[in-house]
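Down below are the structures I want you to see.
One chain, chain A, appears in both complexes that follow, with chain B as partner in the first and chain C in the second.
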Partner chain A sequence: MPERARLDFDAWSFRLVMGGLTAVTVFFLLFPTVIVILTSFTASESLKFPPDGYSLRWYAALLGADQMRRAAWNSLEVAVMATAASVALGTAGALAIGRSRAWWAHALDSLFMSPLLLPGLAFGFAALMYVSLLGVELSLATLTVGHIVVCVPFVLRTTIASLAQLDPALLDSSASLGASPLFTFRRVTLPMIGRGIGAGAFIAFMASFDNIPVSLFLSDARTEVLPIHLWQIIDTHLDVRAASVSAVLIVLTLLLMLVAERLAGLSRHLR
Partner chain B sequence: MTERAGAGARGEWWLALPLAAVFAGFFLAPLGVLAVVSLFAEPEMVTFGLRQYRVVLGDTFNLRTLSDTLLLGAKATVLCLVLGYPLAWVTARVRPRLRALLLFVVILPILTSVVVRTFAWIVILGRQGVLNKAALALGLAEEPLRLLFSEVGVVVVLAQVQMPLMVLPLVTTLQKIDPNLADASLALGAGRWRTFRRVVVPLSLPGIVAGCILVYAAAATAFITQTLIGGARLLYMPLFIYQQATGAQNWPLAAAAAVVFMASVLLVVSLFNLLGRTRRARTYA
Partner chain C sequence: MSRGHTLTLDGVTHRFGPVVAVRDVTLEIKAGELVCLLGPSGCGKTTLLRVIGGFLRQSAGCVLIDGAPVDPLPPNHRRVGIVFQNYALFPHMTVAENVAYGLEARGMPRGRIREQVAAMLGLVRMEAFAERYPRELSGGQQQRVALARALAVEPQILLLDEPFGALDKNLRIDMQIEVKRLQREAGITSILVTHDQEEALSIADRIAVLHRGAVAQFASPTEVYDRPATLFVNTFVGAANLLRGRVADGGAAVALDCGAVLPCPVGPELAPGAGVVVTVRPERLGFAAGPARDRLAATVRAVLPLGSLTIHEVELGDGSAIKVMAVRQAGEPALRPGDRVHCEVVSPDACAVFPEEDRERGDA
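Right, the complex of A and B next:
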């Protein structure tokens, strides 16, 4: 029957195209990561794939890379401070605007989210001019403030999303049973939205640790951060330490991701 | 219900004050400075005038850089959509365990450092890179291909780097679609392709719009990927702004370029948003 054959072909070609493209995309997503990890075990002087031999020498070379370690420290310090501030400011902001349908809440929501859409480089440059206009010297503190602006949206988004799932009746019952607002927040609201805040904090941390557009303008030689240092290594003399430090970062990211998935159900909050 | 939600919000509005203060002081104020600096007529910043905007918008070379950048974002977005949609569709459909695994594959790159991801592509695309080695070994090419420092290279890498931004909103919308609708369409004899085109894709339009906007904004402004993969020969707006701001020390020109670039990206994004809205209205009409 030709009709039957047409339907068969229809179903069969559809499956083939969707399945095929999915396989291609999964490969496309994973391939670079695998390549970096394999390259990091290169034994030779220069980057080549496949490597001529395998060794751990470029991992050993990381131990002596003082400048890189200082940059990593700076990054960590800024990321921790920016995340802490983003969580405090973002959670408070989410409580204020997350459950309100007033016009000002909508306006503030768009304002607070806009750093996600604006070119980060433009904001970084604007911040540099602003800081020099105020006559403030660049420091880890100015860098942190710049990072807060671009990290807050992540905390805000996940927290507002979990607030939306919080049944207001719970808050009313708590209040009508005589609990103070602070007590209700600590014992009812916080346990319910804690995972959302946690997921947002994790993404904010990663975003700060990896930020380039803002750091490009707000960090100098003293406050150099890891992504900038890494960018310069890759841009000037592509050495294999770039691969070994990348592999270290990938493994750390994987570990943090698994922890975040366990504690905060990360993957549900990313959407 | 509304009253209750309102009661909750009335007492809490002041909680937004600290964040609003931070944004006023460290986001809106710098952007204001950016706008003012862009209005200076010369690098020494003495007199006001629209000269810098004439330089950005009147010069063919600069205009070309702007349109190249906006087109680059569009190309990366299209590639992301073509490759990302099937993955999202499959992810929304499979058993929960496999779905968790696929989501993990999607999320891993977004959390891996952008520099690291871009560096991986240098190893893959370089003259001595994985792809060239493979092409030479298989006899597909006589000599190493120029993949790095080409626009095709930049588009491919941008698509990979920004893929999660496309797939995640798509999975969310696709999961919300009632599977009975597609089943009904199939039972009525529409076939897989037609069901996909006429039922699944229109219903997932909000996810497509959200994903495209995120990818576009990220791809057009991706300084690191553009400069490392594109090299110095391919000039896009972020590099142009950076060069004018730091190398040439021409702050007014860099500021005007940044303002024009921001406005163009926002314009494209809102046009797309609008397009999605009218299409949706027509679908449901």
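Right, the complex of A and C next:
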């Protein structure tokens, strides 16, 4: 009987937690998203919910917003470059420290992961001071370097996780069959950890694309990125275009996730 | 197919920090021979296998194939094939791709790869499964593929790491026969690591019994079973009754603690009066009609009929228990718990005598 009671308690606590989490998610994540999307279709001049009438005028306005298009283009460029560099660095780092039990591997792991723990603002500020100390002018390049620092940990984490799943006997078998280390990497290691790298790349891309704290310090008027520009147009004149561009971003992100899920079963690697 | 190559281990020692995992192992393995490395877990057999495969560089000693040292060669240049306990098939490749892998790594032309893969799959009778993925195969089928993959590149030496451990009992016997057949046909020198003494006895040409990283005995299965070199080998391979006693009759017999005096082949290194352990296998003991000087008086504790055999556990005069195995007669067991009996050793060479200190070292 006590066994039965415990099972009931387990089931009950599971439902409570799951139900609670679902409610919080719906309330704080889904509702605001729906509200932003609905607001973006407003026919009026200001951000207001519920809208008085519906139109596509703010989407049409996006087409004419040169500054925003330039910011979006900057964001995309930085995100693509930062992701590419993070994948190269994160994968290489994960291969070196993922399987090692040496003390320095642990130390490096913590060091590379530290940008996730360090407050973004503190890092952004420090990076700005450092860049000006070196006498380097702010540019897309400096901005990209800043983003790489905060994006590498994502790739590193997911790649180390998928390396941990890789049976070392597969690598030994490959070697005993006469395969060189490079052949083994290309034909066994990479296919086995590819999805982990892909998942890391996806998160890194998103983290770069909507990063604010680092961009705030490391970008200037010429290299303004989309999240900063959005913040400014909301701050200065409550522009409805902020809502319509948010809606576009939400839809694009969902599409990207669907594609990634289809291609690589992404969600299994995001844990 | 490559015809056999010899493998020599010359004083191989391996240390993990302060721990000596393999201690001065010297083995001469003949071309085409199947040798079992047998021992309990932690005896160093897997370490030795990894040294032979080139995955681990030994601290001292030499590994030679056909008399030439291979120590500087990394695993991919050693031509030593390996089949792991979990088979380690590449999960993202089909059976055919798995078998072709080593050939592609060696840059064999496509046409020849196709022929060789077909030949290998034929050898292990897996032609029908060429396009399947490993997860779609049973354990036995995966093992056949792993063997085909290892043999496809024509290694000089084949290593098998506990290859039957993951199979259930009936399948295990089938696969042992299969592996033995393939090994004979290929004439490939093979080393099989196992902790299962029955497996070693049934499959090996010779067995190297490892104990605490060192070779305790290297001999044929019958030799290991019938004339164990140490008390450890005696108790690890097959069952053995241990009887304590002292050398008596000027070295021609042992006076046991339980009272009987057994005529035994006592080695010259054991002086009269020295403490010894006499071992007798349960099937080499029988029941006799009455008391005698060389018979062990005992009381039956338990009777276990096991189909064709019956195992009796009996208690001796000094309180120690031994097992006696007899061919089971039809009908009810003749003996019951509590019966007084007299046990007799079937012949003097059924006993082996070891110095007492072997036992005190905790070997048994």
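The working rule: the second predicted complex is superposed on the first by the 244 of 271 C-alpha atoms of A that agree within 3 Å, B and C clash if a C-alpha of one lies under 4 Å from a C-alpha of the other, contacts with A are read in each partner's own complex, and residues count from 1 in each chain.
The criterion applied here is as follows: contacts are C-beta pairs under 8 Å (C-beta built on N, C-alpha and C of every residue); 3 or more make two chains touch, one makes a residue touch a chain.
Note that the structure is a prediction, hence the values are computed from the model and not measured.
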Self-check item: Three-chain arrangement built on chain A, chain B and chain C clash or fit
Solution: fit
Quiz item: With chain A's C-alpha centre as vertex, what's the angle to chain B and chain C, nearest 10 degrees?
Solution: 90
Quiz item: After lining up the shared chain so the two structures overlap, which partner does A:259 touch, if you call chain B first and chain C second: first, second, both or neither?
Solution: neither
Practice problem: Pick one for A:136: touches chain B only (first), chain C only (second), both, or neither. | Solution: neither
Practice problem: Tell me which of chain B and chain C touches more residues of chain A. | Solution: B
Practice problem: Using the touch definition from the top, say if A:187 reaches chain B (first), chain C (second), both or neither. | Solution: second
Quiz item: Where does A:30 make contact in the superposed view: on chain B (first), on chain C (second), on both, or on neither?
Solution: first
Self-check item: chain B versus chain C as contact partner of A:173, first or second or both or neither
Solution: second
Exercise. Give one of first, second, both or neither to describe whether A:251 is in contact with chain B, with chain C, with both, or with none.
Key: neither
Quiz item: Is A:107 contacted by the first partner chain B, the second partner chain C, both or neither?
Solution: neither
Practice problem: May I ask you to decide whether A:16 touches chain B, chain C, both, or neither, giving the answer as first, second, both or neither? | Solution: neither
Exercise. Minimum C-alpha distance between chain B and chain C after superposition, to be given in whole Å.
Key: 7
Quiz item: For chain A, which residues belong to both interfaces, chain B and chain C?
Solution: 169, 172, 181
Quiz prompt | Of chain C, residues touching chain A in the complex | solution = 53-55, 74-82, 84, 86, 88, 90-92, 101-102, 104-106, 149-150, 153, 155, 159
Quiz item: Okay, in this complex, where on chain A does chain C touch?
Solution: 167, 169-170, 172-181, 183, 187-188, 191-192
Quiz prompt | chain B-facing residues of chain A, complex | solution = 6-7, 10-11, 13-15, 17-19, 21-22, 24-26, 28-33, 35-36, 39, 47-50, 88-90, 92-93, 95-97, 99-102, 104-105, 108, 111-112, 115-123, 125-130, 133, 145-146, 148-149, 152, 168-169, 171-172, 181, 203, 206, 209-210, 212-213, 216-217, 227, 230-231, 234-235, 238, 242-243, 246, 249-250, 253-254, 256-257, 266-267, 270-271
Quiz prompt | Interfacial residue positions of chain B with respect to chain A in the complex | solution = 1-2, 4-6, 8-9, 11-16, 18-20, 22-23, 26-31, 33-34, 37, 82-87, 89-90, 100, 102-124, 126, 128-130, 133, 160, 163-164, 168-169, 171-172, 191-193, 196, 213, 217, 220-221, 223-224, 227-228, 237-238, 241-242, 245, 251, 254-255, 258-259, 261-262, 265-266, 269
